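Order of writing sets the chain letters: A, B, C, D, E and F. Residues in each chain are counted from 1.
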Amino acid sequence: DEDIIEVLGSPKMERDKYEDNETAGVVTGLAWTQVGGDILFIESILSKGKGALNITGNLGKVMKESATIALEYIKGNAGELGIDPEVIEKYNVHIHVPEGATPKDGPSAGITMLTSLVSLYTQKKVKKSIAMTGEITLRGKVLPVGGIKEKILAAKRAHIKEIILCEENRRDIEEIKEEYLKGLKFHYVKEMKEVIDIAILKEKVKNPKKL
Amino acid sequence: DEDIIEVLGSPKMERDKYEDNETAGVVTGLAWTQVGGDILFIESILSKGKGALNITGNLGKVMKESATIALEYIKGNAGELGIDPEVIEKYNVHIHVPEGATPKDGPSAGITMLTSLVSLYTQKKVKKSIAMTGEITLRGKVLPVGGIKEKILAAKRAHIKEIILCEENRRDIEEIKEEYLKGLKFHYVKEMKEVIDIAILKEKVKNPKKL
Amino acid sequence: DEDIIEVLGSPKMERDKYEDNETAGVVTGLAWTQVGGDILFIESILSKGKGALNITGNLGKVMKESATIALEYIKGNAGELGIDPEVIEKYNVHIHVPEGATPKDGPSAGITMLTSLVSLYTQKKVKKSIAMTGEITLRGKVLPVGGIKEKILAAKRAHIKEIILCEENRRDIEEIKEEYLKGLKFHYVKEMKEVIDIAILKEKVKNPKKL
Amino acid sequence: DEDIIEVLGSPKMERDKYEDNETAGVVTGLAWTQVGGDILFIESILSKGKGALNITGNLGKVMKESATIALEYIKGNAGELGIDPEVIEKYNVHIHVPEGATPKDGPSAGITMLTSLVSLYTQKKVKKSIAMTGEITLRGKVLPVGGIKEKILAAKRAHIKEIILCEENRRDIEEIKEEYLKGLKFHYVKEMKEVIDIAILKEKVKNPKKL
Amino acid sequence: DEDIIEVLGSPKMERDKYEDNETAGVVTGLAWTQVGGDILFIESILSKGKGALNITGNLGKVMKESATIALEYIKGNAGELGIDPEVIEKYNVHIHVPEGATPKDGPSAGITMLTSLVSLYTQKKVKKSIAMTGEITLRGKVLPVGGIKEKILAAKRAHIKEIILCEENRRDIEEIKEEYLKGLKFHYVKEMKEVIDIAILKEKVKNPKKL
Amino acid sequence: DEDIIEVLGSPKMERDKYEDNETAGVVTGLAWTQVGGDILFIESILSKGKGALNITGNLGKVMKESATIALEYIKGNAGELGIDPEVIEKYNVHIHVPEGATPKDGPSAGITMLTSLVSLYTQKKVKKSIAMTGEITLRGKVLPVGGIKEKILAAKRAHIKEIILCEENRRDIEEIKEEYLKGLKFHYVKEMKEVIDIAILKEKVKNPKKL
């Protein structure tokens, strides 16, 4: 089997850096790996279609379920979110998590996916230099997730300034030495609506797609 | 494989607490794990569609079958349950069991899923501080399940006040020391209708969805 | 993996008891397990649809095939069985085998599934206190199955009075000590029609569904 | 796992005996197992539909492919076989191989499946006391198969009188002691048409289905 | 598991012999196995339908992909190949590789499948006593394949007279002792069109199907 | 299992050589394997259809996802790329990566697939003697990939003259001895648009397909 083209196991990449917030649907999440925390990006785009959801990025079952839940929540709350339900029906949405060589799973990208989709359907900017991690549920709650310490360290390395966490993860932050938290502002939330209020700006992105 | 994003195996969360009963479709169940009992929530929501059933939450085959059976039972008994059959046909229903990092399986969430769907289609409140565990069958019976002692202890920790069990699980309760049962009221049932009579209130939830 | 919700492996239930014959589609079968015989129930219900077949109960491939064969046989012999072919086309049928925590496989529930579906489509009662075990074939034959001794003992424990077996299983009964057979009446059959003649009564169930 | 219902591994059945030829679509094949030869039956039935093919009997991929090839060949040669192409389009066909507890695979039931389908679509009788074994190909050839000696011994035990084999299996017969062949008549064929000429009688079955 | 019907592992067959070229869609390929080379046949037939492609013969993923590529190439070059595009749309095509007991995989049957389909859609004869082996690509190239020496020996045993290979396999032939090559004529090609020019005759097969 | 036709494991082929740029949709990529770098080709063709995407070449999940992302990006930016959106809807596209005997996976062929599809939909030539490697994302970024050193050596062996890499792979090139880089021109990019600007010529291919 020496001849197999196996880019999946090829040399390591550098850790990611925060990027700008000029593109609708691009949001920064926080991930835990066995060798430390990392940031990851959720990207989403719309193309004309019939409301189909396509998910890529070498994702496991649970992470794909998060995308389903985020979309279902948006459908069920389109009015309050200022989203035209017809837009959801008339476009396909594709969610992608870059760095395909890394398998990814778990529910903790839930609020990041939610924010990505709300930005996409509203074409509004995501707040600058913000990152987030938290599970979502169908009824609109945000649930705590693990690996908080590693995720915070990764956020600092990536020049993140604000972080959204579940209220129940507050105690995890309180256990971290204060010097590691310098320069970071934390938002603790219980509801998915709070995430959107914090992360989605009123301003539209440059050259918003007309939906 | 050091670089795999593996939130699934990340640090443990706290045990769950009972939440309120203000949302249609949210019901508290009881679960058995190798390290003790726990409570779990069943959530369900409706979105316009054609009667499709979508199930998420890192569930195994048997637990998904329970959702199918609950929905089939409701279709077959819509009239008696006060549910308009057209509503079932005109909406998709999504059932979710939060905490995606934990794989879940087995038939014991059957009556919890049934109660969730009846609350959802009727937009009626679920009784406050109640939890339940029991297998369901197509013909409307409730079957006994295992792990009763651990489930009862978890219910107490979560401040549950009333519990619905199969009549055949009565003997399991009788084997538990009385001091562990203080403050808990038990309902033993044989039929799925009894579960609904006990758990579903006449009162609608706040801001019921118009179906 | 300590945190996995694993109800599938939870504490054992008691052996089943025979139940009444008031519900269309509910029939008692006999099963063989590595720790002895047991009875099992086949349940089926109809809901408006387009003739789809849905099968649940933690069943393996061969047991699902039995359900397919039973339904196909009924379609091919609807006239003789007094079933309106339009009913088969206008309803979906769901077959369930309770006790989802136990994986089940093998062809021996064939005649039980057949009897369940005939009772369902005709809304006729199944004979009281009868159980059965036997493989079915597309051409209407009943084939012998294994584990007869254990199944007979389980039937007695469950207060079964009559048992339908394949003619070729007669010798298995003849090898069992007579004292174990007391109070049991045996019907040996070669054809699926004989099963229906014996097991399906002329009387309709209470409150038959109008098809 | 002691409680698993595992009829698949249950006690052995007796060897099969030849049955009559009164039913359209029932044909006797020969099989090779690690403990000797056996006979098997191919059954098929039609039900109104759109030409779908359903295959059951605990079969592996290759044996299912044989069924596909037989049906495709019949479609391509309907005229010569005296089959109305509209019948193929207006009925679903279900092919079943009884004894679901035994997994079955391999291409050697090809000519048996072909004969079954031709008998089914023409409602003609299959020759009495005949059995067969041989692979089929899309272009109408019959290919040799293995296990001939064991298959012949099983055929004799089952009171088979005539056997159809591929011409290239003639040498396998010539290697068998003559005393084992007494009372058996062999037909060696190269083409699928020859199989049909030998095995399908002109006479219709009793009460032929009107197609 | 002694009772499993396992024809797949049954006694070996003799090596194949070349057959005639009277049937449209039947082409001889060359295969490499761990015990030496062998010839194999590709067969294809058309039946009325909607352009579906069905592939059988116990084939692996890569070999099935070859069939897809061949068909796609023909669709993209129908005009030049003298094939009416409507024919491709109005018929289903089934490709089969006989000897179902042998699993087969790899890309080397590509040019054989291409030739089979061109013969099928044009109903033209394939050149007599010719065999071939080579991978195909979507852009019409023929790529070299392995196992050339073993394949050549098998071709001679089967009385093949001409062989089509990729130009890049010429060096493999040059490494074979000349005595083994006596009586064989080689065609080295770079493009799929060259394969068709060499292998497909102008003459139609006897009783061509009217398309 | 000696008789298995196992071309997948057959003798090794020579390394690939660069080919011309006369065909729309054919682009040269760079691959990393455990025994060194290699070049690979991406091919794509259009056939009349409904916008379906078909992918072959023994590819893993991540590599297939790259194709999906490339196509989605093109759909979302058709206008800027000079592609008629109706063409994307009215044709099926098939992407193939030759050498089916070699399993291939990983995200690094992303920019190569993108270039292939843009060339295909515009029928424009790809720049001569250019190769490329880089992951793509839905939002139009190019991400760095691994195995750069081995890929560069393979590119030289194949007579490649220009190479497109992600800006973040620049440091990997700077670590390679200068003598190995002689005769190679590097293009470092951050955006997918830059790849297209560099790799796609204004000139159409000979005999462009009329779309």
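Please note the rule applied: a contact is a pair of C-beta atoms (placed from the backbone, for glycine too) under 8 Å apart; a residue touches a chain by one contact, two chains touch by 3 or more.
These numbers come from a predicted model, not from an experiment.
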(request) Touching both subunit A and subunit B: give me those chains, sorted by label. (result) none
(message) If you average the CA coordinates per chain, which chain's centre is most distant from that of subunit E?
(response) B
(request) For the Cα fit of subunit B against subunit E, please give the angle of the superposing rotation, nearest 5 degrees. (result) 180
(message) Regarding the subunit D and subunit E pair, does the interface count as same (over half of residue numbers shared) or different (under half shared)?
(response) different
(request) List the centre-to-centre spacing of subunit A and subunit C in whole Å, with centres computed as mean CA coordinates. (result) 50
(request) With chain centres taken as the means of their Cα atoms, state the distance from subunit E to subunit F in Å. (result) 29
(message) Centroid from C-alpha atoms only, then distance subunit C to subunit F, rounded to Å. What do you get?
(response) 58
(request) Would you mind listing the residues of subunit E that make contact with two or more other chains? (result) 12
(request) Determine the shape of the graph in which chains are vertices and touching pairs are edges (line, ring, star, complete, other). (result) ring
(message) From the touch relation defined up front, give the order of chains around the ring, starting at subunit A and going on to subunit B.
(response) A, B, C, D, E, F
(message) If we count contacts the way the header does, which residues on subunit E are in touch with subunit F in the complex?
(response) 12, 31-35, 38, 40, 60-62, 65-66, 68-69, 72-73, 75-76, 85, 102-108, 135, 137-139, 141, 143-147, 168
(message) Going by the contact rule set out above, which residues of subunit D touch subunit C in the complex?
(response) 1-8, 10-14, 23, 25-26, 41, 43-48, 54, 56-58, 94, 96, 98-101
